[in-house]
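Before anything else, here is the set of structures, which you'll find just below.
Common to both upcoming complexes is subunit A, partnered first by subunit B, then by subunit C.
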Partner chain A sequence: MFDWQILVANQHLLWYGLLTTIKYTIVTSLAGLAIGLLVAVGQLSRFFALRAAGRIFVEFFRNIPLLVWLLWSYYALPIFAGINISREMAGVVALSLYVASYYAEIFRAGIQSIDRGQFDAARAMGMSDGQAMRRIILPQAVRRMVPPLSGQTIIQMKNTTLLSVITIPDLLYQASYISSFTYKPMEVYTAVGLVFLVILIPLTWIARRLEHRQEGR
Partner chain B sequence: MTVNDPKSAPLVRIRGLEKSFGNTRVLRGIDLDVRKGEVVALVGSSGSGKTTLLRCVNLLEHPTAGRIEIGGERLFHVEAGRDVARLPAAAIHRMRARVGMVFQQFNLFPHMNVLANVMEGPRTVKREAAASNRARALDLLAKVGMAEFADRMPDRLSGGQKQRVSIARALNMQPELMLFDEPTSALDPELVGEVLKTMIALAKEGMTMLVVTHELGFALEVADRVVFLDQGTVAADGPPRDILLDPPNDRLKAFVNRFHETADLMRPLIG
Partner chain C sequence: MSRLMHTLKALPAFVAALAAALALTVAAASADPNATLDRIRGAGVLKVPVMIGEEPGYVKDPATGEWSGFYVEWANEIAEILGVKVEPVETTWGNLAADFQANKVDIAFGLNPNPKRGLVVDYLSVPLFTDAWAIVARPGFDKKTWAELNDPSVRLVVQKGGTMQVVAEALTPKAQIIVVEDRPLGILELKANRADAMVLAIFDAVNVQPLIGGEIILPKPILYNPATIGVKREDGNEGYENWLTNWVNQQRALGLAQGKLAKHFEKFGIDLSLLPKDFSF
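Right, the complex of A and B next:
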């Protein structure tokens, strides 16, 4: 009853879609890491305005549905800001800012999870805040951040499927395109699901291993 | 233990120090001098402000008002809500580098082995070359009896071993003054002795020490002076025997009676 032949016949479209999905995952995750780090530093700042700005950023993006935010970025942002942005740009900006809010929380929580005594000991020997961060706090915090960061990045890859609603040709968009002229949605969407599982199950497994190694320490 | 010239300028000079957390006044005008080579024990019941006072000496805690000088240099001076000293952060860091601190919870750096812990201060703060730093670190580890543990990670040490490493770590900065914040309070009773022994050796070498402690035996036998804090004020200040064996006021008497027996436990360690 399955007609797998149509997948083989249209595999170039699927490969292109997969490449697009991977590309957007990598670009938006990297941009999200950079933005998230800035937001986390803002949230840990001694200046109220920076702390408030960081907090607002995080609360905004964590409490708006990604689909709504994505559509808004593409359709409404150009009208509000009076600028014309491509759908690729809208997609990158929307996904990057969204994941940045989650990364920011991971960074902040990681740094704040380090015992105050570590900061005391570093400062008591005359270290500046920067030295204490670089030599004492971050090396410990980063180890704790790796598992949640990898988990969030896996979610990010799944979230890129939403890009299809603004007609970016990711894996899901390509699948809907193929099914529109082959009338075989079952085969196509099954294949897309399997592709995600094949990529993400090993990554999830590695992330869990990292977590276990943390607990063992 | 050491003979002091009473006329020499104190190494630590604290005047009118106040500290509030919100509406709670923890320190209410503390005056305290510590002379070079002197061992001063800070005692008092919990909540009396002794740990806060100690943490104010190197500005881990920012006082609300008063004056602190170390080695004749002004470290802190706030009067009528105005910061008179206005020290830049770098000057405070330099001052802290001259003051060693040992914490109740050790606060060793868990991502570094014992030797790296001891070398970290001179390496990062003074940018000292590795060779001289390492040699001195190993000497200090030998002195606190931890030489053979140089490659161990801190999580594989007992509490007493951790505290001895943390003393070596503080000493490797070659401080003029050592602050101890209840260094034995987190230890199992059988591990207290090894840490106190290390501190006694240090005191005998003439190190200036300000020690917050519940070990009144240590205060009696090792300290040159005992300062009793009560509700954020200095309630008694004098030679250990006068303060602890013949308490000048009732609150001190009540405090001392609870601890008298520990003095007997300490004596064998001194000899």
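Right, the complex of A and C next:
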């Protein structure tokens, strides 16, 4: 009863969508990691202004619906400031900042989860703040961060489907395009679901392995 | 120090002069009815919204990604007279008003009357063509008037946010109204036998009918639905609107619009003999 032929006939559109989805996942995750690290460092700073700025960043992006934020990124700048922003730019900026807020919390929690006494001990042995961080705290904290970071990156890949609202040709947008002229939505959306499963199940498996390795230590 | 004081004293006068100059520029800009036309010709492109799922008005070629369809052909003709090129901007009906406000598009085709969108978008007062509201019914469905459709046993599909939702809620409030995201999902409702009929513009109905195998019905009284052109509401668009109205009137008067519609329907493999006999466009 399913007509899989239409998927074969339109596979170049799906491949293009997959490429777009992967591209946005990688670019926005990397940018998000960099921004998230900065925000986390800000939140752990001894300066009140930096702590407050980090906190506001995290709360803003964690609590705004991504769909609203995406539309806002694409339309608000040209409407209110007269600055033209391409949909690609709006998509990258919106998704990067959004995921950065989650990454920042993972970094902050990871660093804070290492007992404060270790830091004090390192200082007592004559290490500087930076040395204590690099040699003692971060090696342990990073291991704890890996599972939640990979989990968040998997969510990020699924979040890229919202890019279709500003007509970026990701997998989901391509799916609605194919279904619009073939009138076979079930086949197309099923295929997109399968593509996500095929990509993400191995990734979650790797993330789990990393988690077990960490527990084994 | 005294030089600084001198400069500071002169500052307010300078600011005032600047403001006055600015005010003059603004006044001059709003007085020029050709401002929008000049902007489009200066940019060298006419930014036209295009959408998927709107065949045969907009057709995106799956192989090349290029756009065609009768709306695109009209856009090309307008651009040619202006001496500019069409730049397709892929968007959705829901985002269209924001596209205008954000200067992402210069014109939109096939707009149905909508006072809410009309608050931010200017509509031409002449229709490019006239559509009518139809239903595509499952085989064997025999209700022919809006009054008959207004019955709790009738299950009607409409597209979310579309004008058809307004029509159904106004005329058939007693029917079971099923709201779906897009046209393909509406067809799925009919195929799954969860609905009796889908409310559609007649030109979309002729497109959908072959997939259902049922009948196209123009429920009485016939609701005519003019489709026109929209442009951004802004100072200086008077010349642009006046020129477009002139163009639309010529399209209608010489039968160019009607001929183009017929040509594109045929090209897209739509059988216009499916249209009910009491309808012409």
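Definition applied: the second predicted complex is superposed on the first by the 216 of 217 C-alpha atoms of A that agree within 3 Å, B and C clash if a C-alpha of one lies under 4 Å from a C-alpha of the other, contacts with A are read in each partner's own complex, and residues count from 1 in each chain.
Here, contacts are C-beta pairs under 8 Å (C-beta built on N, C-alpha and C of every residue); 3 or more make two chains touch, one makes a residue touch a chain.
The model shown is predicted, which means the values in this text are computed figures rather than measured ones.
K.L.:
Contact-wise, after the overlay, does A:Asp115 reach subunit B, subunit C, both or neither (first, second, both, neither)?
P.N.:
In the superposition, A:Asp115 contacts subunit B only.
K.L.:
For A:Gln131 in the superposed arrangement: first (subunit B), second (subunit C), both or neither?
P.N.:
Touch status of A:Gln131: first partner only.
K.L.:
With both complexes overlaid on chain A, does A:Gln140 touch subunit B (first), subunit C (second), both or neither?
P.N.:
So A:Gln140 only meets subunit B here.
K.L.:
Please indicate which partner A:Ile166 is in contact with in the superposed arrangement: first for subunit B, second for subunit C, both, or neither.
P.N.:
After superposing on A, A:Ile166 lies in contact with subunit C but is clear of subunit B.
K.L.:
One more residue to check, A:Phe47. First (subunit B), second (subunit C), both or neither?
P.N.:
In the superposition, A:Phe47 touches no partner, neither subunit B nor subunit C.
K.L.:
Check whether A:Ile79 is in contact with subunit B, with subunit C, with both or with neither, and answer first, second, both or neither.
P.N.:
second
K.L.:
Common interface residues of subunit A with subunit B and subunit C?
P.N.:
Of subunit A, no residue contacts subunit B in one complex and subunit C in the other.
K.L.:
Can you check the complex and tell me which residues of subunit B touch subunit A?
P.N.:
Touch residues, subunit B against subunit A: 58, 60, 89-90, 93-101, 103, 105, 107-111, 120-121, 124-125, 155, 166, 169-170, 173, 179.
K.L.:
Would you tell me which residues of subunit A are touching subunit C in their complex?
P.N.:
Counting only subunit A, the residues touching subunit C are 10, 12-13, 71, 74-75, 78-79, 84, 165-167, 176-181, 183-186.
K.L.:
Please name which positions on subunit A make contact with subunit B in the complex.
P.N.:
Interface residues on the subunit A side: 115, 117-118, 120-121, 123-128, 131, 135-136, 139-140, 143, 217.
K.L.:
Which of the residues in subunit C end up touching subunit A in this complex?
P.N.:
52-53, 55, 60, 62-63, 90-92, 95, 98, 101-104, 182-185, 187-188, 211
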